[in-house]
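Each of the next two complexes has subunit A plus one more chain, namely subunit B in the first and subunit C in the second.
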Partner chain A sequence: MRLATLFSRIAQYAFLVFVFLFIATPMIVILVFSFDANRFPTIPWGGFSLEWHKAVLEDGMIRTSFMNSLVVAGSTAVIATFVGFAAAYIDYRYVFRGKSLMGLAVAIPPAVPASILGMAMLAFLSRVGLFGSVSAIVACHVAIASSFAMAIVRLRLRDFPPELEPAAHNLGAPPFTTLMRVVIPFCQPALIASFFLTAAVSFDEFLIAWFVGGTVETLPVRILNLLQGQVNPKINAIGTIVLAISVTLVLLAQNFIGARATQRSGTQEE
Partner chain B sequence: MNNAFVSLRKLEKKYPGHQAVRGIDLDIRAGEFIALMGPSGCGKSTTLRLIAGLEEPSSGEIAIAGRSMNGVPAFERDTPMVWQSLALFPFLSVVENVEFPLRMKKIAPIERRKRAMEWLDRMGLSAMAGRNIAQLSGGQRQRVAIARALVTQPPILLLDEPLSALDAHLRVRMQTELSRLHKELGITFVYVTHAQSEAFALADRIVLMNDGVIQQSGRPQDVYREPENAFVAEFMGTNNIISGKIAGRSGAFAVIETPLGCFEVPGERLVSGPASFVGSADRVSLSGEHSDAVNRVSGLVIGVEFFGSTQTVFIDVAGHEFRVQKPQHEIDALDLQPGREVHLGWQPAHAWVLPQAA
Partner chain C sequence: MADAAKWQTQDAHHPLTRLWTARRTGGSPAAVPVILGAPVVFWQAVFFAAPLVFLVVITSWRVRSFKLEPAFVLDNWEKVLNSGPFQKALVYTLEVSALSAILTLAFALPAAYTIAFRLSPRLRELAIAVLVVPVFSSYLLRIYAWQIVLSPGGIINSLTRWLFDLELQLLGGQFSLQVGLLTLTLPVAVLILVLALSGVDRTLLEAAANLGCRRARVVWHVLLPSIRGAVLLAGSTAFLMSFGDYISPVFLTGSKPPTLSILIVDTVKSGSQWPRASAIGVSMLVILTLVLLTVGWLGRERRFRKGGK
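Let's turn to the complex of A and B:
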């Protein structure tokens, strides 16, 4: 019986390790070969080198696309978090006609295939003359990312004690002050999480940026264009950088999604 | 009474499908400790929220310090409230919670901190000032909530079942503390509770509500001994209510004829008509031998319930359940087994005829 337990324990860990490797191997391969001196990823390793990372940093087009991605991700995160919070708060606070319709409308963007969404946005944006600019990409990314932002804030507002707002009014806070001093501080962990997650969504997004960006390239678009030309050893180096940024954003987001308001001072010290 | 600090006039609150408050007239004096009491859903909490401006009355008027409050939003009334759930802000520290209402009054940070610390000190919490709310015990949180409500030196404090979440021993300690605060501050306390013991222990005046209407308003001992109607008598939990009709007079007393027999009750003007009277459980004598009291009945013991220092004996008197409350040692001496026959008696002067017949 004890042997069986031991065996089961080992099997469980083995399975976990297997799943982890299954997910992580491609990323580990990219990471490892980005530091490979060889021009083409082959085994054995050609020795440690920062050559390709240097080449990436020196490539003007990559630098521009990286900056574009940062601007798009930053703007998207700010706007989507604001819009998501507003939508979640309205959903929490008020009962109105068409409320379920709003819930549905918010759920649509992540559910629609990105290619169709991209085409639709392209068609729309070229009509209004916003096509082919950083703001066009931001607008489209906000449309997708707001759904995520709203979902995160909504989750937090579900825990919002219903008496806190009347209690604030009772202590002399007008409605807007209550929003700023009570509702937003309560939602703060969710807002930070939403900021990082929507930034990650935007930073990783390729298809829509490719459709509506025109000549403006974000980093994922640049990577594909590089790949289409030839197999370029810089790809692994860019991949490593993108991976590092995305993983950092998602980890930060997760840290704040899990955070309770009561642990706030604890997380601030970290 | 024109010197009322809070006055409610024909106050009504309707919700879709039900009416929580149905026409309340009440004057609360400055400095009075008043308890709004009643079963859940009787409208007591709604009345409190109406005073605080957290609900708009459907009709009627509320005036505080002579000024009509109709249309005055909650944040412009100086009517802080202690909530049943406490409603402390979890994202603020203890001292920041207490500072919140001062911040709303735009008081400078240094002065604000000083005044908040004074209150924390007064509540014995100065060592906890920097803590998170989650790190405090239930009793400490209660004190923070009280400090937060009182830090602006309001003329009135509203309390909505503030002690119901506490353990029994803490509740008694907080009662003492509230009572002391009320004496020291001399401001008006309006206290909502469903617990008779809290209301009796604390309040100068009890307002007993049911179904959105005030049933009786008066000193605790008056509400207890001289209930206005059957609802009040029953809410006290210790009254035996017997209904019948006036059959005649016997000297200074009226004689009331009931299914349980004829009894003498006080009442000089009672001559005829239906009437109900109560015999308080603690004023009815209980013995194994026949009683020689003017009013007496006999019945069978149903059971005995332990209430701490006193015990309640339930007795079946011809299908009517009688309650008798006696000190534990007296009950023990009688050796009451269920089914045993016992005899009850009481003095005519100890009965109370309900002014409003059921």
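Let's turn to the complex of A and C:
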């Protein structure tokens, strides 16, 4: 290998490491300083302490918001996975007028800035009297999260053998039975993945929850309110918990789809 | 087996129509798409489309004694579009998101290139898995972490003070803002580009190299043109995310100067000037749509020319 090529390779790897460090730094900082005994997180480290984690567990408002978040994320995941599956299956299976419009209505919401969408949802929901409740947050989170569920299920349906449904039909299965016994079992990994991923999306969302939740706070909204006050060492401790949960959810989701999706895109390896 | 026999007897009542034309036959086959489709249409219509339509509607409403009243007036638009703070915020937000899109591409392209061409398949899969995690986890917290790192008493300043006796003003300017926005956009952009680069036909690159083309020229003349669509997609995604972001400008520049998202949130949270906030929101959506259409048109134009040769 020529010297210039060697230098270029080293530079490429070094740059990649730099980019990954940049992406990882905030997460590492949260993790490390949640165990710091100092009030204000800085260097040098003030020594190992679980004080702030304990303070978090004793904080009633944080506990309530945590429970709210669990309910919101769980309900959102179930409904969004259903909506996303239905949209993906209909898109895969049927042809009708307005189909692409339906696809767009499911796919687009995450691309609309949350500040605008949150304001729109708040204005509309307070008009129809649904504002300021856990169900309001769930309703809005489903509208965004279904997009991800649809994408995941669609990816799975691309591998669905087209002869399976006619085969089930020829064996006498009515359409609904075919759906329940052939299509849904085939999509199961994608459905599980989309359950975890939509839960992560909801668990992480704060602007819309802040707008439409009113006095009902989810955990990220609680954090947002804490952040707007004074420096609070509890934030790092909640941060580790939140980070641990959302990273786990994403990894679980990847476990059910990840390998498949990347293998396909990486097949051109010589 | 018993189940299968049961289905057959049930289905004997139905005329045997071919499955792929099932939707035309009415009755039970058409029930499935309706049962599945109705909730989808209902949910997205009520909780996504209706709020957006309502947002456009209330831009022409009036506020009387702190209450929103249906009306048809245009002075909300007039007041917003002519107001200095709005115009300043608009220009600033456009500048910030354009810069963010450029920086994102500048960092994401080389990183994606290395991931797609220099890593082993296993490492590449790991890199993709690692990149997906931050897309879905705690943006808010990660910005707070940057605040800790960059603040005057924070990690970087403690280090520079200790090493060089130097204090840096890192928080509260374009630098810290772009750091925050890159945190948001970089993982997504790298993922888009890695997926596109992995799909590039390697024989083309080898052919160019065999014909004596140097690596830099291969990248510029063969590789980049073949992923033009993905580059535009990554850039416009970065632009879109930065344009609508609320958290980075609030926590890393202290809302000075405010972006359009900050104007919206402040107007909604502090007062009853909903129609004006909606007018800002609708103008943002119009701008985003125009930008995305332009980018889409750019992508199409080039492809057409290439095909016409």
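Just so it is clear, the second predicted complex is superposed on the first by the 245 of 270 C-alpha atoms of A that agree within 3 Å, B and C clash if a C-alpha of one lies under 4 Å from a C-alpha of the other, contacts with A are read in each partner's own complex, and residues count from 1 in each chain.
We take it that a contact is a pair of C-beta atoms (placed from the backbone, for glycine too) under 8 Å apart; a residue touches a chain by one contact, two chains touch by 3 or more.
Everything quoted here is computed from the prediction, not taken from an experiment.
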{"item": "Contacts of A:P185 with subunit B and subunit C, given as first, second, both or neither", "value": "first"}
{"item": "Touch count on subunit A, higher of subunit B and subunit C", "value": "C"}
{"item": "Subunit B versus subunit C as contact partner of A:V71, first or second or both or neither", "value": "neither"}
{"item": "First, second, both or neither for A:I241, with subunit B first and subunit C second", "value": "neither"}
{"item": "Which of subunit B and subunit C A:L252 touches, first, second, both or neither", "value": "neither"}
{"item": "Partner chain in contact with A:G172 - subunit B first, subunit C second, else both or neither", "value": "both"}
{"item": "Partner chain in contact with A:L164 - subunit B first, subunit C second, else both or neither", "value": "first"}
{"item": "First, second, both or neither for A:L57, with subunit B first and subunit C second", "value": "neither"}
{"item": "Overlapping contact positions on subunit A, where the subunit C interface meets the subunit B interface", "value": "166, 169, 171-174, 177, 262, 265"}
{"item": "Interface residues, subunit B side, partner subunit A - complex", "value": "52-54, 73-76, 78-81, 83, 85, 87, 89-93, 100-101, 103-105, 132-134, 148-149, 152"}
{"item": "Complex interface listing, subunit A residues touching subunit B", "value": "161, 163-164, 166-174, 177, 181-182, 185-186, 188, 261-262, 264-265"}
{"item": "In the complex, subunit C residues that touch subunit A", "value": "4, 7-8, 10-11, 14, 18-20, 22-23, 28-29, 31-33, 35-37, 39-41, 43-52, 54-55, 58, 107-108, 110-111, 113-115, 118, 121, 124-125, 127-146, 148-149, 153-155, 158-159, 162, 182-183, 186-187, 190, 195, 198-202, 215, 240, 243-246, 251, 261, 264-265, 268, 274, 277-278, 281, 284-285, 288"}
{"item": "Subunit C-facing residues of subunit A, complex", "value": "8-9, 12-13, 15-16, 19-20, 22-23, 25-27, 29-30, 33, 40-44, 79, 82-83, 86-87, 89-90, 93-96, 102, 105-106, 108-109, 111-117, 119-125, 127, 139-140, 142-143, 146, 165-166, 169, 171-177, 179, 197, 200-201, 204, 206-207, 211, 220, 223-224, 227, 235, 239, 242-243, 246-247, 249-251, 254, 258-259, 262-263, 265-266, 268-270"}
